[in-house]
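What follows is subunit A paired twice: with subunit B in the first complex and subunit C in the second.
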Partner chain A sequence: MTTVLDHPTSAPGNSAMKRPLIERLNVFTAFGLGIISAIVFWYLARTFLPENTEGSFIKTRLDAVTIIAMLGWFFGFMTGIGALIGPFRWLLGKDLDHDESMFYAGKDQGIKRYFRYTTDHKVVGIQYLVITIIIFFVGGTLAMLIRMNLGHAGGGWLQPQTYNAIVGTHGIVMIVGTIIMITGPFGNFIMPIMIGARDMAFPRLNALSFWLIVAAIPPMLSSFFFGGISTGWSAYAPLASQAPPGMDGYIMFIVIFAISTMVAGANITTTVVKMRAKGMTWNRTPIFIYGVVASVALALPVFPLFFLSQVMSAMDRAVGSTFYDVRGGGSGWLYENLFWIMGHPEVYVILIPAVAALMEMAPVFTRRPLFSFNTAIMGIAGISGLSILVWAHHMYVTGWAPLLNGPFMLTTELISIPTGMLFLVLIGTLWRGRLWMTMPTASIYALLWNFMIGGITGIYLSDVPVDGALHGSMFVTAHFHYTLMGAGLTGALASLVFWFPKMTGRMFDRRLSWIAFWLVQIGFNVAFIGMFLVGLAGQPRRVDAYAALFNQGNSVTTMAAYSIMAGMLVLLYGVISSWTNGAIAPMNPWFAKTLDWTVPNPVPLENFEVLPVVTSDPYGYGKAQS
Partner chain B sequence: MNKRLVAALGTVVLGGAVIAGLGTYVASAKNDSRVLAATPAGTMETPQGKLPHYTLEMAAYPDSMAGSHGKDGGVHADWVTYGPVTNFQVPAHSAITITIKQYDSGARLNNDFFATVHGTIDGTATINGVAVKSVDPEAVGHTFTVHGLADAKSSLFVSVPLPAVPDEKLPPTGYTTNPTTVTFTFITGDAGDYVWNCEYPCGDGTTARFGGPMSTQGYMAGNFHVVNA
Partner chain C sequence: MSVETHALANPHHEHPDVVGSRNRLGAILILVADITFALGVLFVYFYLKGQNVNGMWLPAASDSQSATTPVSSSGAWALALVAAIGLLAHRFALMGARAKNQAQLALGSLLALLISLVGLIYQGMQISSASFTVTMGAYASCYYLIAGLNFMHFAFTVFISLGNWNRSRLGLYSADHWHVTIVEIWWVWMTLSSVLGAFALSFT
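Let's turn to the complex of A and B:
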């Protein structure tokens, strides 16, 4: 941890001597070394792997070569960004000296620190914010291509294979984007300040978790040039075993991303448990912290399984193992179990921090204490606990363990109880509050509406007989968009506007935030209610063309999708224009009571001159006058 | 109007243009843009009366050295492929006679359903001049199966098995001079866009060999356009 402030520092880069290696590594050296390394690994694999795989340990040479080249990219990139300097020093029995630690922390580097392996949590938070925006831009563009295809009467505008690749890539890109959209930018930038810490517990791991995501993206995008991800985001075996080499890009993406998530989860959990300010008891810890910790703590046990599922998938493709091949004693159900043991808790990894962020904002904008803090904690804990016991509701119709359908239906429906607790907390906080109507305030209402629809339709889908009819239809697609986008993304966009002043020192343009809000929310509800209707009428998901009776519903959904697109682009412009030219933000523009609003803008390198001591809860706004 | 609102509007227009451009590019990026149109062949008496008659000729090869992938076989020279192209266009409400020369060996079908002729006139196809309704599922080289939802009311499903050339009749190099010749006739309905593919697992993949050429358009799958004459 970078804790020394008054130690004299040299000015790296000003020395007449040759700059040390640590100062020469940045995102450009990372991409350069990554590409060179990928080419070298690719060449070596092509040279030394046997042409004739008969009797060899190699099953499919093309996949083996592709995976090895991607591994080359990964090691080259991580070396080029400087992630291995610390571990290499440890191997030599040394560690970074003070100047190097200060350099790693980004001290006095200006904008360059955002392009380096910088350990300052605030820099990492901004890096996460930018990468999240890029990911959403890519995923959103793919979404619009999907809607353009389905908006064409009967669909079928794109080649079926192209359509499948776009759907699969959109799915996994957006899932990753939504997983990191709150814990990444706000969990990193805001959370340590909110608990009164100077940095994360493991700053280098913090930087590592971010740069792992950057390293994971090129293999993913490269899949378009190798046949795409034709399996949908779930990449079921045996579909994945037979898919083109683009599937290897998916596998590499998930493997690297899972490592990033595990690293981030361990880091954030340790930080909150060990580094809260003096006096910040669990009852005085802001609810947003609970949301972030629940999210990453939930990811800790389940993402290793996701990691494992993809390693096994890669082995089935490349070296002839048969983990998922029944002929060799494997099972496709093994993959489905491993995938969904991650896949359903992941929904709550996305949702919980979004709801918690809005619970954090509700007292601020109603000037009331959070209604029933303990109920909120129980709700978060209940969802987290139950979420790892519901995965097989995705597998009712697969034929795996039919006798377990009933128990899984029960656990899934039970989760609506702690979810209802969170609704209760939000409504109770809003009730008779003196509303300060901002875009984040309106987002609380939007979340309640969207999450209600997403939640209720989820209860229907958790019901075994209903799921038998609706499984694989557009109804399912509409349902999970209502939860992940309608609830999750709504919370993330509100968080962006709410914490923008602290992160950038500028106020987010109020008018643009409202325009974006209404374009997105109206477009979203029209689009996905239309999708519910065609799903109920029987339109299957993941199919590029459809019967004429679905034309009208799809046209409506596509037109509304343009409204979402317009709203997101307005928001994007709002980010850029407000960041570069927005009104200067005061230290505490919302008059909030958490510690993050007690530090000046820009936030100093070590956040607090003197570590704070907490003496009261963060929601002491007093009761509203009725 | 406020400058910032105008700039936001500009961002929306720019973003929309980027997506429209990308969409147009992606939609036009076909695996194989070449289309083989059916040749007119007079009229034919059918169970639906006298209809315009058209013919199509194609072949199924054991690799990509023939077909549409160039003399060197393209990037996957060892992949099985149909030729001369994999996109076909036939008129609506017409009798279509397709002749396929099958040069490849084969083995057992996964699903015996595809060993039976479906969707042709009388449910038959001729194999080397002999009319059959089904073939031995143990020795199928490929199938030609047209299916899919169309924009119009009528749907189309035609599936014909192509028996394997026995291994002992395959030359050590090159193609056999005695391919299996399969001919069948079916009647098209309303205009619409369909897809066709082979249902015999002849591709890559560790599980069921449905990968590679089986999951890549331009090899064992393609488009089948029924258009108004």
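Let's turn to the complex of A and C:
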């Protein structure tokens, strides 16, 4: 995608030394300064921290040194990318002038703007898209390692500790990838245009939220070199307190990612509340916007608790506090509560924007208005509200507050009502529509199928007696893959194909999109129905070896996983080939009615020459004067 | 979606009130995250206090270490008072900004900065003079968590108070003062969080 002309920012003859600081900082200076800073912090920590002696405030010196080195990386990276320039310029009273703001926006920088602390929401959207693809590539590779290991009964070629580390890393990497897969690329690139804004409310915070994620990834991946994340993605204490230093990478990853999520949540919510085009009342605001706002607004109050849980985990590991250590008055249940108060809303942080994106596409491809817009709003609001009242259904078998099992079962089962509303809206929109059968259209059907299975098995698991039998089994693993991948990822892939023309100026290869769709959907359903069956038969999750009676189901799942992998590789090839050589996209290839399709390709720097005034709702298909 | 386009008089420069309103909402939303974090800390404190697992909320003396004696909450309340005085000083500055009185604005901002520095140093002294280490039971762990959070809050307050005073001194708030209003929102929350911390530490 090119939105502005490429030409050098400095006048000919200017030496690099004369360029202001903000023009010299980029991803390379960030990595350089991050690495140097990590080494310096590591050296200082090793030199000056006391040994683990009686009375020392350091409990585990290795963990303390590791955490300090990672903090050094973090501060060095953020300094090197230029994140601190804005705050310190504010402090000094030297606010950015117009030219500097334009530089930050990436004006006239060509491809270089993707490697800088660029504030233009379209650049940030593309950056998010690329980082999401990288995250899925890493998480997908780990998933294939898991499935290869589970291809044989009795254990495969991985050591149990290595297997556990791969499972834990796969889990948290994929969770983060799915959290950002819609709100990151499409929430940033499409959402401001869709509401008729020139940019996000806080462009510098927008860049900050992206680069925080980049800063979080190296600590996470470094954990492989320090014993890995052997606890699964939930990192339960006190298991996590006893894990090798790789756990520190997980902690740092979550702490930084939580900050990114909070910043993004405040930014996106403010943008939608304050910057919608004139005439865009709440009834005229596209449903996708509701989905994005519900997602980030839900994340805003719950991720700080995840952050807190990891701060305390770090303190337990490094300085010997006893938040989770029963010997010192701590409690493992404390961790579980803090984790799941975040952990269950997080499922809907992932799902809501994916479903909303498909609800946005349904009217376009059926040429019908969205069926019962208000029901869709109520569904999203109902899910968001109930999702913060269900967390303890993850803890039925832990022994924490058994008297609360009944109420939590009730709230969890209640959530199927607003979820059913979203199904109703999608089915109502498809009903008797004149379908334009594209990959996003098929994805709506796939979502209905997958989410139905994921949702119904979720009702089973919310039932206390059934959960007692199935908890910790592969049935649970299959259930949440049906929701997060079968519903969430399906919506994200459809979004990619749908908004690809606006983001890149080129059409996504239609044939490749269909091939990828069928390989992924068939492989997915075969793989995870097989997993349901072995789970029902009693195969535990997070175990590298299993009894021979589970062999057949696991073989089927592993073979089907290769189909998913093939589909995702086809999709990746489709992204690269379409981006570089795809057909030039017209301004509005889908003949959609939202504002994002009223701006030209490539989208100008400030989106609109003059701000639009909205005079009708976005789903007036088949109506005169719409 | 039907769309009309109307050229604005100056589409690239928004009115300061519009910018201020947007920034105020953004600041409040970011505060929501910090408020949740602080409430989470209080939850941890009262949860572990209520559980008193193995009687280790406040461990009794043993052969290897002395008993954990809780700190007096008066220090925490004193800190809350410092924060409240800082808030009043900043409020004085804001009133000056609203009245276009640059001298009052600069004086109030300077006072707020100095008070935040006092609070930071005082909190640091309290942490370093506690009679127990972080390893000595759940209360000790929670105390350092609450005090640490308050320390971070004061440190951030010093940063923004310094910026606020410097910008006041340079006359940057002569045209509009929504920055000062947003800094006040922070001061209000910072004071409230200090009160909440002191409240929690009053229950040992």
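Assume the second predicted complex is superposed on the first by the 601 of 626 C-alpha atoms of A that agree within 3 Å, B and C clash if a C-alpha of one lies under 4 Å from a C-alpha of the other, contacts with A are read in each partner's own complex, and residues count from 1 in each chain.
The definition used in the following text is that contacts are C-beta pairs under 8 Å (C-beta built on N, C-alpha and C of every residue); 3 or more make two chains touch, one makes a residue touch a chain.
Computed from a prediction, not measured in an experiment: that's the story for all the values here.
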Contacts of A:S372 with subunit B and subunit C, given as first, second, both or neither: neither
More subunit A residues in contact [subunit B versus subunit C]: C
Subunit B versus subunit C as contact partner of A:S616, first or second or both or neither: second
Touching partner for A:G320 - first (subunit B), second (subunit C), both, neither: both
Subunit B versus subunit C as contact partner of A:L158, first or second or both or neither: first
Subunit A residues contacted in one complex by subunit B, in the other by subunit C: 59, 320, 322, 327
Subunit B residues touching subunit A - in the complex, by the definition given at the top: 2, 4-5, 7-8, 11-12, 14-16, 18-20, 22-23, 26-27, 29-31, 148-153, 193, 195, 203-212, 214-217
Residue ranges of subunit A touching subunit C (in the complex, touch as defined): 55, 57, 59, 87, 90-93, 95, 198, 201-202, 205, 262-263, 265-267, 269-270, 273-275, 284, 300-305, 307-308, 311-312, 315, 319-323, 326-331, 334, 337-338, 593-595, 598, 606, 608-618, 620, 625-626
Contacting residues of subunit A [partner subunit B, same complex]: 59-60, 141, 144-145, 148-149, 153-154, 156-162, 166, 227, 230, 237-238, 241-244, 316-317, 320, 322, 324-325, 327, 509, 511-512, 515, 545-548, 562, 565-566, 569-570, 572-574, 577
Complex contact set, residues of subunit C against subunit A: 1-8, 11-12, 21-23, 25-26, 29-30, 32-34, 36-37, 40-41, 44, 47-48, 51-57, 59, 133-142, 144-145, 159, 162-163, 166-167, 169-170, 172
